[in-house]
Each structure stands twice: as C-alpha cells, then as structure tokens.
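Below are two complexes that have subunit A in common, paired first with subunit B and then with subunit C.
Take a look at the complex of A and B:
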C-alpha cells in the first residue's frame, strides 16, 4: 500500500470510528444518568410518594443537579467527554437553561439573565407546548366520536 | 434488572442523539427540541408508554420523556375538561420540570460566575 492509498484508507475509516467511540461514550454516560434517575425514583418511592410524584421529583432533582454542576463548571467538562450522553437527558436541558443565563450575567438581571435563560428553554417549551396542543386537538376530536 | 433496563434504553436514546449530532450537524438546541416533539408524537401513537413501563427512568429521563409527559398530560386534561384541556394539559403536566429549570437556573446564575472565557 502506498502512502497515498494509506492516507485515503485512514480518511475513509476515521470518521466512522470517531462516531463509534462518540456513540459508546454517549451510551455509557447517558445510561448512567438514567440509572441515577432510576435510583431516585426508587428512593422517592420508598419515601412514600406515588409513581407519578416520584417521577416528577426525580426530574426536579436531576434538573437541580444539572443546574448546580453547570454553575460549578463540572457539567461542561463531563459534556466534553460524553457528548449527547449529557445533552439528551433532562440534566442536559438544565445545563442548556443555565449556561446562556450565566454568561449573560454581565448584561444585567432582566435582559441578561432573565431573557437568556430562555435561549434554549424557550424553543423547547414553545415546540413542546405546540406539539402537546396539536396532540390535544387530536384527542379532543377522537373524544367527540 | 430495572437498573439494567434503564441503563440500556437510556443509553440507546442518547446514542440516537449522538448519531444525529455527528451525522447531521444538528446543534444540541435542535436535538432537545426534536426529542421533545418526538416524545409527544411517540406517545400520541402509543409507543412511548410501553417503553416507560419497560425501562422506567431510561425512558423518562431523556428529553423524549418530557414530551411523553406533555402528551400524557394533555390526554388526561382533554378527558377531564374537554376542549379546554387542549390548552391546559401540556403545561400543567410539565409545570414541575419547567419551574424547576427556571428557578434553579436563575439561582445558579445569581450565585455563580461564568467560567468560560469568551
């Protein structure tokens, strides 16, 4: 194999193996966060909360942890390694709510923090609410028959 | 066993996100929006609830679970309140998460300083 062929071979192979290792990291780290969620559900269940309340409390706890670890600058460091494994779980949502707000602190509390806290939360809430209303309309129409 | 299922399903959902990021260059913001809307849709066609029954937190912790919650809430509200439920169901069901994100987000922003050098 000439050098040129080899370089082409490497070029061909590298992106895939990079995606593979990224996926493996995302799988493990995302999985661990979900296991933590499962532990919290069990703990809240043991404390006497019903299934639905335990699940909501778990979300709130994970959001708290995601926000706190972002403030402490730990979450971004984990995210560098974990990629989507830290974006997709609800802790990633908390992270994306906090980080733009934190950076906008110098722009003031109202149009800085107050506005930028919705940089990611805004689109998520907007499209989530829109989708839920669309789903609601479908449920309502079905309920008429 | 519950933990293993949560790990595997949660992991796979994150891998789907990773593939979307690597292959389509979707930004994390778009991933989050896509996953929430996807969760609503998957619950609408009654695919997500069985997944939640199977995987627990593995299905509820990823943002698709947030969408699932929205859709479940709107179904319940329409059932109880009729037409009005279309508007009240989603936000009512997600109010805990949204309020937590805003309150904790705000507190963290007030207490901590940005460490990124921009």
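Take a look at the complex of A and C:
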C-alpha cells in the first residue's frame, strides 16, 4: 500500500466531525452570546451611556466574563459543546489569551506568562492589525478618486 | 546464548522473569473499567506538586518505589533502571530517577516505551549483564496537553479521532531468576512512516508500525496468531485497532479474536467521552502492569504478545510539513 493509498484508506476509516449538529450548536450558542451582548448594550444605554461607550463597555464586560469563566474552568466545558460558537465571539479571544497565561504561570511572570500569553491569540492580533492596515490603505486609495 | 531468529527477533534462552509490577493511575483512569486493577488510583492528579512536570515525575517515582516494595527488593539490588516518558528531554524520567540510587538508561520511544524498556531489559538479563532490571514509564494528561496540544483551559473541540492521554505509570521488575511469567522473545520495530500528518489521528499514524512489527514477529518466530491468548497493543485506540485488524487480515493473519488494545480497555470510551480511546506511555504501562500482569499471575493468560506503539511526533516538525513516524516493539510473555 503506497502512502497515498494508505492516507485515503485512513480517511475512510476516520469518522468525520458531525458538521450539521456542530454548526447548529455553534449557531445557537454563538447567538446566545451575541444576544447577551445586545442586552448589555441596551442596559448600558439605559444607564445613560452613549452608543459608542455602551458598545465598548459591552466588549469589556464580555471579555471579563470570558476570562473569569476560563479561570473557573467553566469556559472549556461550554466550548466543548459550543465549538465555533464560543471561539468566534470576543469571549473566545479572551479564553485564548487567558488559558496560555494561566498555564505559563509555572515558568514565571516574564518568560512564562509574558512570553506565552499570546501564543494562541498572536496570529489573530498580527493578521488582524495587518488586515486593518491593508483595508485602511485601500480606503485611502479609493478616497483619492 | 541468545538466538537471533529472522531479521528482527531475539529468542532469549534464559528468559527473564517478570518478578513484580506496579501501576498507578489517575482519577479519570480509576473511574474506568480497569479502576480496581491498578495498585493505586490517585485522588488528586497534581500529586501535591506545583507543576504538571513535577506531578508526572512524582507519579513515576512513586510507581518505581511501589514496584520495589512489592518485589521486596532494595534499590541497591537493581542493576539498571530503564525509563522514559513523553516529555521533552524525558524530564518525567530524569527527575523521577534523580531521587533513586540506581544506574539509569533513559529511553524515548513515545508511547512504545513500556515494551521498549522490557525489550532492552530482557536482553540485558538474557545477555548476562544484569540480574535485576526495572522498566518504568509514565504519562500525564496535563503535562502532555501543554507540550503537544493546547493549554488545559483553552476552549476547543476535539476531533472524533483524537485520543486521551492517560495519567498513569507502570513499572515492571525483571529478574534473572525466580518464578513468574517470562519474556521469551523480543521483536524490535523499525521506524515506519506512511505519511500521516494529522496529529489528532495517532492511531492511524501508528497502525502501520504495529503491522510491520507484527508481520516481522510472525515471520521470524513462525508463530500463528492463535497461539497467543492475547495480542495486546499499547494505544492504537479505536481507529488504529480497526486498521490493524483489517490490514493484518489482508496479510493473511486473523487477529480479531485475540487482539486487545490498552487504549480501548482503560476507558469506557462512550461514557468517559474519550473519543478514539486512551494514549500515552502510561496507557500500556498502567494496563500491562495492572490488569494484564494480574491475569498472567492468575494464569488466566498463558502466552501473550505485548506490543506498545509510539507516534514519534514533534509538533514543531509536523508544522514544518513533516509526517509522523511511528514505532512498535513486541515482547512475547509466557507463563
């Protein structure tokens, strides 16, 4: 059996992830987080904050909740069910920063937490910044005409 | 004199006795179907240590000391300790053996370490170089996760083919004399790589190595699968075991009846939600040194083949585009 044949055989033998039910779970749980965000915006609005401040406070609150639930070992349990539903929202970003930080504590605050805190979120930060620069550049070029 | 037979096998003329074994398993493993067969089940996977690496070393050292106690031997009686684990630079073994006063050879065979150490230990005794050898290995879910995968608190989903690293350790004390099951044949595996690159499908990466060693063993010894009460693999899991049995059948060897896999035995796969089963050096280590050795001592098993498989995987090199090499070492144990 060649390597190619073996890998095709392995593909047949390996069960696929349940795409439909995973998508459904992600949609519902991700949706719930977004609804929570919307409720928070409304609550902050009612407290007298402007639209922009209410949005910022909502992000801060969701990040805090994501970080807190990560520290309490609750977030990974929700994520096991929710999949992309908890990875994509801002709470997932908080989890991806807090989890390596928690784990790297044993190597100290500088070479541990400091060096490893962005091992998962690093690519998002780098390419997110890069993409926004590129979008800004394109916007600037278009606005010249 | 020991006899080399065929290309990869040694028949040991003065086969060493497995004098005693010790096994310690983690909390989750203790809740599994083999829970009562381990010598000790942890109530706290940290073992009171501040880092997971220390926890694993302590787990390994406690297992070694328990094996010595059960065998009624002193450290000074042991000629060699052969130990290894999954961690970088084998720190699990090095820091466990640091506190022992026994000459040491460090081994890295990934999850094949239990039978790798028993192979070398048997040859050392068979060759007249030692009277007592300890074969020791461990794995720890938490130290492995952080080295090979994601932080423990990271929220993600595992694929159906992913396996669960066993928190556990096993130690076997081999002796040149005494009563008990004996290691009669050693078949040493070659590094086999069929181009699997999915680090979440270790069973599929290791199955070709298991097939290669098993075929070599049958060819070298002339043995047939039926001669064995059990052909025990280390941690092929659900997918790897399925591949092994099916491809061995294509080669003309039907092992479906007597094949068992430690990775499938140690957990209740569905209820404990371990996807494709258990993995890690401690999987074969704790299952062989617990349940299987118990069955050998009760003489419920007369002749078995134990073959632990290892995925010699390094996440960095796999990210560089390499595939996952694998190995399998087999030992025949007869009562």
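As a working rule, the second predicted complex is superposed on the first by the 128 of 145 C-alpha atoms of A that agree within 3 Å, B and C clash if a C-alpha of one lies under 4 Å from a C-alpha of the other, contacts with A are read in each partner's own complex, and residues count from 1 in each chain.
Following the convention adopted for this analysis, a residue touches a chain if its C-beta (ideal position, glycine included) is under 8 Å from a C-beta of that chain, and two chains touch if they have at least 3 such contacts.
Everything quoted here is computed from the prediction, not taken from an experiment.
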Query raised in the report: When the two structures are overlaid on chain A, which partner does A:93 contact: first (subunit B), second (subunit C), both, or neither?
Result: first
Report task. In the overlay, answer first, second, both or neither for which of subunit B and subunit C A:58 touches. Result -> first
Query raised in the report: Which of the two partners, first being subunit B and second being subunit C, lies in contact with A:102: first, second, both, or neither?
Result: both
Query raised in the report: If you stack the two complexes on chain A, which partner ends up touching A:68: first (subunit B), second (subunit C), both, or neither?
Result: first
Requested in this report: In the overlay, answer first, second, both or neither for which of subunit B and subunit C A:17 touches.
Outcome: second
Query raised in the report: Of the two partner chains, subunit B (first) and subunit C (second), which one does A:138 touch, if any: first, second, both, or neither?
Result: first
Query raised in the report: Looking at the overlay, does A:6 come into contact with subunit B only (first), subunit C only (second), both, or neither?
Result: second
Report summary line: Comparing subunit B and subunit C in the superposed model, the one touching more of subunit A is B
Query raised in the report: Between subunit B (first) and subunit C (second), which, if any, makes contact with A:80: first, second, both or neither?
Result: second
Report task. Considering only the touch criterion stated at the top, classify A:128 as touching first (subunit B), second (subunit C), both, or neither. Result -> first
Report task. Find the residues of subunit A that appear in the contact set with subunit B and again in the contact set with subunit C. Result -> 22, 70-71, 73, 76, 83, 87, 92, 96, 98-99, 102-103, 120
**Report entry** Of all residues in subunit C, those that touch subunit A in their complex
**Finding:** 50-52, 146, 150-157, 159-161, 194-196, 201, 204, 208, 239, 242-243, 247
Query raised in the report: Across the complex, what residues on subunit A touch subunit C?
Result: 1, 3-4, 6-7, 9-10, 13-17, 22, 70-71, 73, 75-76, 78-80, 82-83, 86-87, 92, 95-96, 98-100, 102-103, 106, 120
Report summary line: Listed in rising order, the residues of subunit B that touch subunit A in the complex are 2-3, 6-23, 28-29, 31-33, 35-37, 40-41, 43-44, 55-58, 60-67, 70-71, 73-75, 77-79, 82-83, 85-87, 89-91, 93-94, 96-98, 100-102, 104-116, 118
**Report entry** Of all residues in subunit A, those that touch subunit B in their complex
**Finding:** 18-19, 22-23, 25-42, 55-56, 58-60, 62-64, 67-68, 70-73, 76, 83-85, 87-90, 92-94, 96-99, 101-103, 105, 113, 117, 119-121, 123-125, 127-129, 131-140, 143
